[in-house]
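Chains here go by letter, A, B and C, matching the order in which they are written, and residues are numbered from 1 within each.
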């Protein structure tokens, strides 16, 4: 390691002269507060202020930089942003700086390495964050999000879908052949959201502004996918939503964050929200609201919900009553899964969905013709309870009749979209029976792909729009009923064309 | 009715102790002003502060909560936001609260009911709003928007389009059969924007936080579609644009509001605006502008138009001259209807377009091959006058030569897109003549659907982009000339494929 | 010319009484500063305050209105926004007003005309702006952007693509015939972004608020396309990005500006950015940042990049070190051109790409099967150097390992997308060989159009997303691998259908 060895002590002395306690609370970055930094973090900052100033400035704008955890512990229950009851001594008295997070649990971190005299982990994981935020970590570990890699690639059906789409195609003698997808392409398509598997392959040398340094050689890195498999064996990435070094609750509450993954054509939550009444008011007025506050007071801090309002946040009434508790188990206020696989269904009991077996013997929550794998799905009582928690949120701004009207409409839409999916399934079965396409891979031929669009794109879009009472134009034309219907007609004609081809060829 | 009867007096006493005159003007919600509330509204608030705090807080941020109508009457003509010359005594002296709006004209309201000792209407309608805003209501009633439900469902051609798209499809013996669309699906597709028909079917009991209460049982509720048919017999919903209980002029002037309905692929006003120079500057700078001001001063209050600037708002020059008057008849500055049905045409004379008969005997403004139903459309003089009112708006920031150049380009585009529609119509006629598809329903088979895309999606998109001189990339590729051309080529090939199918089958 | 001749002196006297030195710096428009205006500009404002108040107000909010160029010259090198070393005397002492820009170099301006006693140019061009901003003009003239009209229409292949898409189609005897595209349609599609050719055809009389006046009769005007061919012989329009009369650096730095041209489906930079982590944080937080500052300090003035950060702006570290210099040659930090023509390739050496000849003899940087026209493209050393300048930007917030991981993923994606394009090319060649479609125009038949989608829409989209590590859902489904694969399958089936048609017809 040909590191310029003089650099660390030099940077540190420059730093200590110029950079004392310049940490500040979220948003008002320029306010200087007297929050002590640990000696280790001071050493980190000494160099990184020069070498990665953006990271340092980002952290300086964070709440982590602006308070001491032991003070945070003293806040009232509703105001608390940490859930630990007590903290390790060494974490109690300094701001939460570089070293406080990047040095935790080194014995479990295969990405741990010796860096400028310190033992540092490259990747900070939910297991590290849970030192101060154990409740959030526990909830998250129970959710589908934390199992997002395995739920996708460990399921033979989804794995086939993924491979069929993302494998490079070659044309040889008029035939289309498919390679296996590369890790690289998986990384920036499906696993961009779901998360990659990060492993340490030892050390490697990189050339930096400080000379050559030795760092862990990690596979599939960088990645902040929500279900990332970490080198300490834990699952998930808090930074998927609490982006980068400001760890902002405000950013996580804004719909821009969720929009990075929940998008048309398959999961158009963002698109539907943007066109909904809720979204329209949000984008018109949110600059005047307080998206940072804990507790988050309905009507006072915001006047229309963002994604987090309905799905995650602790909500409190203007008179201080808790409406719903905070949750990082993202399905816990959801009774039905409108992301059809291939039909809508009650939410699965476990965040690990690879354990499901339907009547066709596949790890899918519904069978090919729509029968539920009920054993693995929550029952009516649980559904009722979760629906009621959601209704409490609605009820802060809407009357009971309004809410009931909304949800009975939604229920009907779920049924109709499932029927439309079934119609497409029947057409595809007939194409398979006539050997027009080959059922061994249900995603690799045109009629099959039209079938997949029907449930993956159009049914889902209509259900998301119905759920948010938003985007009627989206539901009517853009990715909704227009295509639902047109695509079905195309399936029918395409089957005819291929059947005729078959007949002419065999004549 | 098993209402917890003690609740109202109790809530009221709690309320009267804690909640005096906490009303405030738009935006600066925390400023407390001494605006008296009626005793009835105080009673409403006593409970609703607890049961629907979001509604109360939203209203508190409104201008309605922050002023007394009799004071509003004294404002200068340009500053006035109400158009009534005088007001009923009981409305003059209190802020415009819950009771002031929800108690009007109960004799006409079939949704009127007895609620905690008061007679309350669930739905507030334009006929109620016109108590203070008669000019706006009158203009609105003359517009196509107020007839939006009938204009859609009362027209046999559009009705066929709607039913064909939104009816659930079933596959039986390889055939696709269509159900009639459900009220529920209409409600969240076409009628989401156009509005539903709301009728009262008597009373029903619902369980609320206050126990069981009896409320009107309304069909198709909730809905804020702009042409909603109300239980007092009136048409429309002011809340379609002046959303919820803040009734904000700012929200209505922001393009997010219009974007809820005017969207790709059929009416891509939002999409085109977002990509236009006007839109680019708006989204970059509007946080520094005043979107609340009345009168709205060009250059001072805003520097680039939003939808409302060109189509609706009263605009005043920095020296106080009126440029254009406010209007709630949304077509009144429009000379040509670029939403083709099926070709572009002069704006219809009446907001009720079901009265139109074209030369084919249908309620369409143009015939199948493009002849105008001129008797029902405005003439050249009216067109000229409306174009001139629009040019006055442009002229505040653009020179005469600039404006003339723009509109002559626009005119040419209208002609070309109509020619492109005609090309598709000719292909479809040939398909019908050869009995490749069946003309009885012009929307239910693939070639017909390609034809509909041509005028409903691509012609419209190109015209909207031309009108706003925006979105050249949109017009070239995304929903514009690329698809215009590709789709026409597909029609031709598809006709060939089906003709061959026909021949092979009949051999 | 029946001009109301009394108007100018009258307006001027009104103006001089009411409007003294009301110029103000960017953003804080209401602050009045004592910046003197030239007598000529005062005369312009006297009328235009009444006739085009929006332009005047927009200019008043600009830095041009708020400072004297001779003062600007005294700023430190990093703070300077002008690059001239000295200025003509007459420009040094007044604010940069109407006359200062619209009167420059009249001898070269064919759009020069006599207006109210002054010689005025309608169009202000980069050759005019370079009086104060010579470095920027020089850089811009070296870029592809300044040659955007010729690069498109002067290239036979692209010209065929443009004409095929935008010519009006007619159907006669079942055949589709295409007209040549109109100037008008070119103007609002391809040339909306690329720029039009503006020529003066003499004078014409227009009727304005001031009566009839005589003005130059310009072709293809208005237009702010970035490569506009101006009536003084120069190329380009600074107003393409520094929109209208505020000439704002803030507006140019915001992604809304770039979004007007860099859009899906062919160049989805905006769409990908919006869905990326960078974009998500930008839209969540930019209201708190300083997008106006020069120099632009990483971490302090902004915490996540906009388009300008990576591609154009002078960036400085919090300690005042220059990270990268400002550039208006928009490709100068780019090593590879991911906009495939038809495959990705090293950036061309010259901004004028019509000089390129590939091995097929065409002006394309790659041959039909992917061989590079290397002679016209930058070499490995230049590529390395440019990549390193980009890495410096990344390095302000990301570690070296992170950056290397990102770019090696990107490189792999470029290779895979080129392979996918080749697969489509092979299918199309087979269709041509079997005379299923006719190769004379490679863009006018369905299989050919599917081929064009493959490289123009899907390959490009995936590469843009990979470049920004953004939008995994976009890359997986929306315009990415899903369509990449589906479209290839459609090509194959469509070839079969047409082959069968051919066989049946010739039987």
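Methods note: contacts are C-beta pairs under 8 Å (C-beta built on N, C-alpha and C of every residue); 3 or more make two chains touch, one makes a residue touch a chain.
Predicted model, so just to flag it, every value in this text is computed and none were measured.
Peer 1: Enumerate, in label order, the chains that touch chain A and chain B alike.
Peer 2: C
Peer 1: Validating interface symmetry: for the copies chain B and chain C, is the fraction of residue numbers used by both over half? Same or different.
Peer 2: Mostly different residues form this interface, as fewer than half of the numbers used are common to both chains.
Peer 1: Nearest whole angstrom, what separates the Cα centre of chain B from the Cα centre of chain C?
Peer 2: Result: the chain centres lie 34 Å from each other.
Peer 1: Check each residue of chain A and list the ones that touch at least two other chains.
Peer 2: In chain A, 287, 497, 500, 504 touch at least two other chains.
Peer 1: Chain C touches which residues of chain A in the complex?
Peer 2: 27, 49-58, 61, 122, 164-166, 168-171, 174, 176, 182, 184-185, 187-193, 206-209, 215, 218, 221-222, 224-225, 243-244, 246, 248, 250-251, 254, 256-257, 259-267, 287, 444-446, 449, 457, 494, 497-498, 500-501, 504-505
Peer 1: Looking at the complex, which residues from chain A come into contact with chain B?
Peer 2: Result: residues 274-277, 279-281, 283-285, 287-288, 298-300, 303, 317-319, 395-402, 404-406, 408-409, 412-413, 416, 419-420, 422-424, 426-427, 430, 465-466, 469-478, 480-482, 484-486, 488-490, 492-493, 496-497, 500, 503-504 of chain A touch chain B.
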